[in-house]
Amino acid sequence: MSRALDLGYATLDLDRVRRQGVPEVVYAPGKTPAEIDGIVTALLAHDNGPVLVTRLDAGPAAALTVDGGRYDAAARIMVWRPAPPRSTRVAVVTAGTADGPVAAEAAAVAAAIGLRVTEIRDVGVAGLHRITARAGELAASDVVIVIAGMEGALASVVAGLVACPVVAVPTSTGYGAALEGITALLAMLSSCANGITVVNIDSGYAAAMAAHRLAVAMERAGTNRAGS
Amino acid sequence: MSRALDLGYATLDLDRVRRQGVPEVVYAPGKTPAEIDGIVTALLAHDNGPVLVTRLDAGPAAALTVDGGRYDAAARIMVWRPAPPRSTRVAVVTAGTADGPVAAEAAAVAAAIGLRVTEIRDVGVAGLHRITARAGELAASDVVIVIAGMEGALASVVAGLVACPVVAVPTSTGYGAALEGITALLAMLSSCANGITVVNIDSGYAAAMAAHRLAVAMERAGTNRAGS
Amino acid sequence: MSRALDLGYATLDLDRVRRQGVPEVVYAPGKTPAEIDGIVTALLAHDNGPVLVTRLDAGPAAALTVDGGRYDAAARIMVWRPAPPRSTRVAVVTAGTADGPVAAEAAAVAAAIGLRVTEIRDVGVAGLHRITARAGELAASDVVIVIAGMEGALASVVAGLVACPVVAVPTSTGYGAALEGITALLAMLSSCANGITVVNIDSGYAAAMAAHRLAVAMERAGTNRAGS
Amino acid sequence: MSRALDLGYATLDLDRVRRQGVPEVVYAPGKTPAEIDGIVTALLAHDNGPVLVTRLDAGPAAALTVDGGRYDAAARIMVWRPAPPRSTRVAVVTAGTADGPVAAEAAAVAAAIGLRVTEIRDVGVAGLHRITARAGELAASDVVIVIAGMEGALASVVAGLVACPVVAVPTSTGYGAALEGITALLAMLSSCANGITVVNIDSGYAAAMAAHRLAVAMERAGTNRAGS
Amino acid sequence: MSRALDLGYATLDLDRVRRQGVPEVVYAPGKTPAEIDGIVTALLAHDNGPVLVTRLDAGPAAALTVDGGRYDAAARIMVWRPAPPRSTRVAVVTAGTADGPVAAEAAAVAAAIGLRVTEIRDVGVAGLHRITARAGELAASDVVIVIAGMEGALASVVAGLVACPVVAVPTSTGYGAALEGITALLAMLSSCANGITVVNIDSGYAAAMAAHRLAVAMERAGTNRAGS
Amino acid sequence: MSRALDLGYATLDLDRVRRQGVPEVVYAPGKTPAEIDGIVTALLAHDNGPVLVTRLDAGPAAALTVDGGRYDAAARIMVWRPAPPRSTRVAVVTAGTADGPVAAEAAAVAAAIGLRVTEIRDVGVAGLHRITARAGELAASDVVIVIAGMEGALASVVAGLVACPVVAVPTSTGYGAALEGITALLAMLSSCANGITVVNIDSGYAAAMAAHRLAVAMERAGTNRAGS
Amino acid sequence: MSRALDLGYATLDLDRVRRQGVPEVVYAPGKTPAEIDGIVTALLAHDNGPVLVTRLDAGPAAALTVDGGRYDAAARIMVWRPAPPRSTRVAVVTAGTADGPVAAEAAAVAAAIGLRVTEIRDVGVAGLHRITARAGELAASDVVIVIAGMEGALASVVAGLVACPVVAVPTSTGYGAALEGITALLAMLSSCANGITVVNIDSGYAAAMAAHRLAVAMERAGTNRAGS
Amino acid sequence: MSRALDLGYATLDLDRVRRQGVPEVVYAPGKTPAEIDGIVTALLAHDNGPVLVTRLDAGPAAALTVDGGRYDAAARIMVWRPAPPRSTRVAVVTAGTADGPVAAEAAAVAAAIGLRVTEIRDVGVAGLHRITARAGELAASDVVIVIAGMEGALASVVAGLVACPVVAVPTSTGYGAALEGITALLAMLSSCANGITVVNIDSGYAAAMAAHRLAVAMERAGTNRAGS
């Protein structure tokens, strides 16, 4: 009953779908195109569900040979066999235009695993009316992913406006005292707003996977309550 | 339609229940017992829902005069008007005995706002069978709060075992290179496991409030799906 | 024409009023009551303008023997010969109740050097309507001192609302990732809002002195334009 | 009465002139030339006042297509519709030749928004007579921007010489223990001189905008006093 | 009886084999190919045992002229006169595919000095069954080298499974809060598992040399006990 | 076949002796005397081998009630049922007198688990002849534990003198730039000497447990070779 | 010909006077009064030259029993057998009154080893005329020890005024961004002035010993040139 | 009597030779070849003594047009009008071959200002006999410059061997925990050896200038004592 597949350069966890609802996601840096091809082929053959490669630059993406993948250059991800739509609604909100690539990753990963995504861009707190004008869209979401660099204040403001889960993604946008995202990371962790949770710097991916965990819990809740 | 109450030393946000489902929670450090009494009295009078004071040592707790509060010395919180039970189930897991006070805070805050709490203590990864033996309890939870200091590895291991949301709380347990919790914080943010989210060091409170946000989303999901 | 006075343990800069409009301010830590008495006596005798001792705890304050000083326990300052009122209006704004002592220092120093002070307390961004409700008071100020710990987001929000100078004071309020004020400091320096300036952690004093420099510039401007 | 314009990749704050006297300034990094063109076009069409793009390298600058802009290669900014001259006088002072690009940005932004700029270059404290010889120019200023890397000592020395506001800009000049500007930043925040305020590393832009806020306050003061 | 050889640009320690059982190992960065050739020639002529050059990129490797070396591109090392096999068995375990180059260095250095190497790759803790399935191979080792980046949790888990020495190598794999290996380093030093020892970030070399020291002790023990 | 014992406040790993040769060691901070008593009683009843409590101050030590323990005040440990002597020889070397408490912990833990300990104290590198005079004792050891604070240079020097494993323990001795042991930690990890391994700051305990792992490997080697 | 004396808790380097001109200096923290007595007795018996104990608080000082020592409470040192006066002149300069204790240590150690000391106190750069007025005294010195906390700018200014060696001592004076002396330390190391050297935070002792090394070199130079 | 020359991009301190014995040294980074030419021309025309440009890469060096300079590629400096030989003897000692470029800078600057230089290379502490074998050369020096990266232990060892001034230069040699020289810097500042002084990372230049200050003091001492 072996649920791990040893490829020599990688040991695939083929039990992941059973435990977590999605297969292993492939992180491209440090892997050759041939290794990525091998992993993707094995996941498509031995596993179910969407197959994703993240942090994949256009060059290596073009070198991949497995058929059927769809590359998203802004998000730097490639997807095979995307998941069918699910009911969980995710809002992806950015403070500035420069946070766009992280938002693209979050949105593309979320979409690939079946979540419903709304994007709200460039609504940083220096002009508060930009975010308060979007309160309706925020309220209609099951989870809000807030993506901000520099001082990361948008996460606190959004978390003060909504009751649902808020996942904050600090970005490396900014310079000097922004410390390549460390400042936004620390600020989000120190937020005066209740119950914000935080993922790694620039990790739109991690935020989308946190949203996936929420979707799992919500779907079980929906099933259980509907059925009880 | 002013929903803020100015007490001079504090400006209460009386709109919080409408926006987020719970009133403002009072953080005790830096406030005199008289100020805490004043805030609690106002929240009981002008607002609905549970009233909590956190990080409250036994000395100041004894100096409070508002009736009806219940003090939990291990968790260092006092609660008035606790919420009725809700359906969301929270597992609070610790790596070591020394993480106990943070777990106590998480559990007490979660209980005060109506969540169902299970505690699993001292199951750090140096003896893996301790945590794998509890897989059933973990699987029965809607959200798992993992509390660990030192290297914080338990969060990655637990997140690999369950599909639901995992909120990691780094603690200041340990010495030297543990850097008063910074190491566990950075490690949890860098986890190889998918979709972990992280809150501030030693903040059982923040984790419980993140669980509250999840409960809000799940209850809406349960309602909507049940009714659709 | 010596404008420095050597007391052995201190060398007083008696030229300070001529150059900057206020005498040397005495920082109490590391000085004995006798040394403080000596410095205050010399400043009262050889210099003009208000004489201030800052960061002065109640114990040492009681041990001072120079007549005529007025001690402010909340601000931990003692003042002799306060300046007459000037026209510059300063708003001192805090994010939370725990920031109160820093605000008290800022307000007391500002008042002692003649500035007009308005205090707005506990208007952190988790409940935005608290600060937007005070927009009128902010607009009536010549300079706004924003005092916040944790993630320090209030500085960005206030700076987005007003056109006048904003001096941000990070405080050591908070724990864990707040890093005793370093996080708020870095966040304020990285603010997405234009033209915020920042002073040292917990230094209500520095913010008040920055306001004093502004008052000097404004008074020269008023004089020059009125007279031209 | 919508005062925000959604361009998809950006949400422009068209209320900025009313609130702060200048329109949004465009930060180039992370934006394509087409996006910058779009934003500039919209600001010229829907807003008043100077339109600036900062941190704009020569390559992208050449790719812009909106007419009428003037590019300053040393300052790396492009300006459309510069503001008419105002009365506030800004001295921009550097410690060393290597601080020149930051000074250029400060001076160019200040000039574009109408301030009167004097530049004093390479007057670091290792040869004190270089800065004391310029005391007259400093005294004639309404605000002094001090730009220094390495140990940043010039800010303390200048602040000891003048009564007006001093905005310190740490630069990334230096190596090793200079920590790419962090050392100068911390040193300026810890200055023994009164009332220095500090902005982000290498941000000539932030210093100029702080001077703009001062100009707003001074102009109101001049108007009010002259008219009273 | 001089046991140091002065080459001008280097002073070779020719006493190293006597004291430690292996000659000096050449660290390539900062040395020209000609200097490396000179050192290798001298070591081959004046000393015994394997001669290794580490951190040697393919370009400089191709420029070397000393005969008889064997270059390992994955490990970036070149070896002359490898040691005969010894009895000590080393397991080299990695958490992820991206840790491969560090594992290659550890394995190649260990092999060059005569140790018996087993490699176990990509068995990170997010899928625990991958490492527990290899328990037999781990138990058959005299020392386990655990190589992991990100949060480095694999070291704690492995150390909980085996009784023999565990040498942990943090790697710079990961981004953001992984801090280029600092996080894994601190986490491994703070491990809740007993008696883990740690070497420098990305230093497969240091781990292999620690294994060499162990082999020396074991061989003495084997000799002494067998002979007693 | 449950090998974990749930005490409520702790979950004991009773499988530890089988896996690693020693039972769980009790870390006192954060545990009440009653909890320590409970854990020690359970370990004595359900497990074999030495039972140790570390970081135990004299006050709590006196409050313990389990018979038969022996308290070592210098090492701050209490031991029940010490192990019989084994053949592995450990040298514990300190750079200065102030490193004594860490050396005491290392020596006491090592002795309690049966290792043979030699102590060499106060032989820091500022007077090299102090350590070179002890070369014979070092050469007679199977493992050397080097304990040093400040710059930690002794570890590099000792590792250059011996062929056997060197475990370096940085201490918090020193002030200012010593950064409470961080400097010695980083220095030891960056050593120019081959194959040094490092444990956490001030952790004489961790070094002794690393020596225990070595003893296990050596004993297996002795057995195997003697028997083969 | 043993020149090291093993006291059990300490190994005295009795060769120090021959190599460096002064005996070992005893650092009190971490040593009992009995240990200090033992070391002092041995140094007085077996060695020549002044015997010093540094960082010695009044309590332990009173507990010492060796006759003939002279305790300096401000400097926290005790001295036996002070050295006769030598020709080297040391100026000890402080930026503020709070730097006094570090200056006291530097001056007392320097005097005990025979150097000629001049003290100049509280001449920080915020009032430049205070230090420029002392230029004559500085010029008459062979070495200047500059002691400053906060931003440490005085070191750069003094080094720009004199040609002789400047030893900078950062102090932990200040708060917040002063980082307990780290900021002054980094600033002094990054100084724009030529050839400043730096010692550890608050180490008046290290600066005095650096001056001693200079005195040795100067005396040799004086002897050699006078005799040649 | 103006002793500063304003070139627009630079303000030359022409009083430097009078105050410190050497003219301003030109730091190349951030200056164009034309600016360097202008500064060098002015220094040659208006000042006495050696003119140096440091950190000058070969490309810019070739672009300079002022006659008579001599470029040292290893040291990356160019020198015009070198000083005549003086009597002060400087030993420049490195721990490893990779520290060579810093040693080259130190030696070249020292030679250009007239000091007598001896170089001792690659004598790190892992093979102690390499440095102890050179004790005679060290003893014949007036000042020893010790250059080391990684853990920087060589500085402590050398300072224990000699009585004269020791200037330690940390280098950025190494990786991981070496933190680009920060570790060696902190270690040298925390040295257990007496009276070491430290300069900035990789600054062979600063060490040479510190040696220059020593030479000034020694020459005055020689003159004064010889003449008295």
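Should a chain be cited, it is by its letter among A, B, C, D, E, F, G and H, assigned in written order, with residues numbered from 1 in that chain.
Rule of thumb we're sticking to: contacts are C-beta pairs under 8 Å (C-beta built on N, C-alpha and C of every residue); 3 or more make two chains touch, one makes a residue touch a chain.
This one's a predicted model, so the numbers in the text were calculated from it and none came from an experiment.
Between the interfaces G-H and D-H, more contacting C-beta pairs are found at G-H. Each chain gets one centre point, the mean of its Cα atoms, and the points for chain F and chain G are 37 Å apart. For this pair, chain B with chain G, the centres built from the Cα atoms lie 52 Å apart. Chain B and chain H, compared by their mean Cα positions, are separated by 57 Å. Computed from the mean C-alpha positions, the centre of chain C lies at a distance of 44 Å from the centre of chain H.
Shared contact sites, meaning residues of chain D that touch two or more other chains, fall at 96, 126-127, 160-161, 176-178, 185, 189-190, 194, 200.
Contact between chains, using the touch rule, shows up for A-B, A-C, A-D, A-E, B-C, B-E, B-F, C-D, C-G, D-G, D-H, E-F, E-H, F-G, F-H, G-H. Within the complex, the chain F residues that touch chain E are 19-22, 25, 87-88, 142-143, 160-167, 185, 189-190, 194-200, 206, 208-214, 216-226. Within the complex formed with chain B, the chain F residues making contact are 2-4, 8-11, 13, 15-16, 24, 27, 29-31, 35, 170, 172, 181, 185, 200-203. Those residues of chain B whose C-beta lies close enough to touch chain F in the complex are 96-98, 100, 121-123, 126-127, 129-130, 133, 173, 175-178. Across the complex, chain E is touched by residues 95-96, 124-128, 132, 150-153, 156-157, 159-161, 174, 176-179, 182-194 of chain B.
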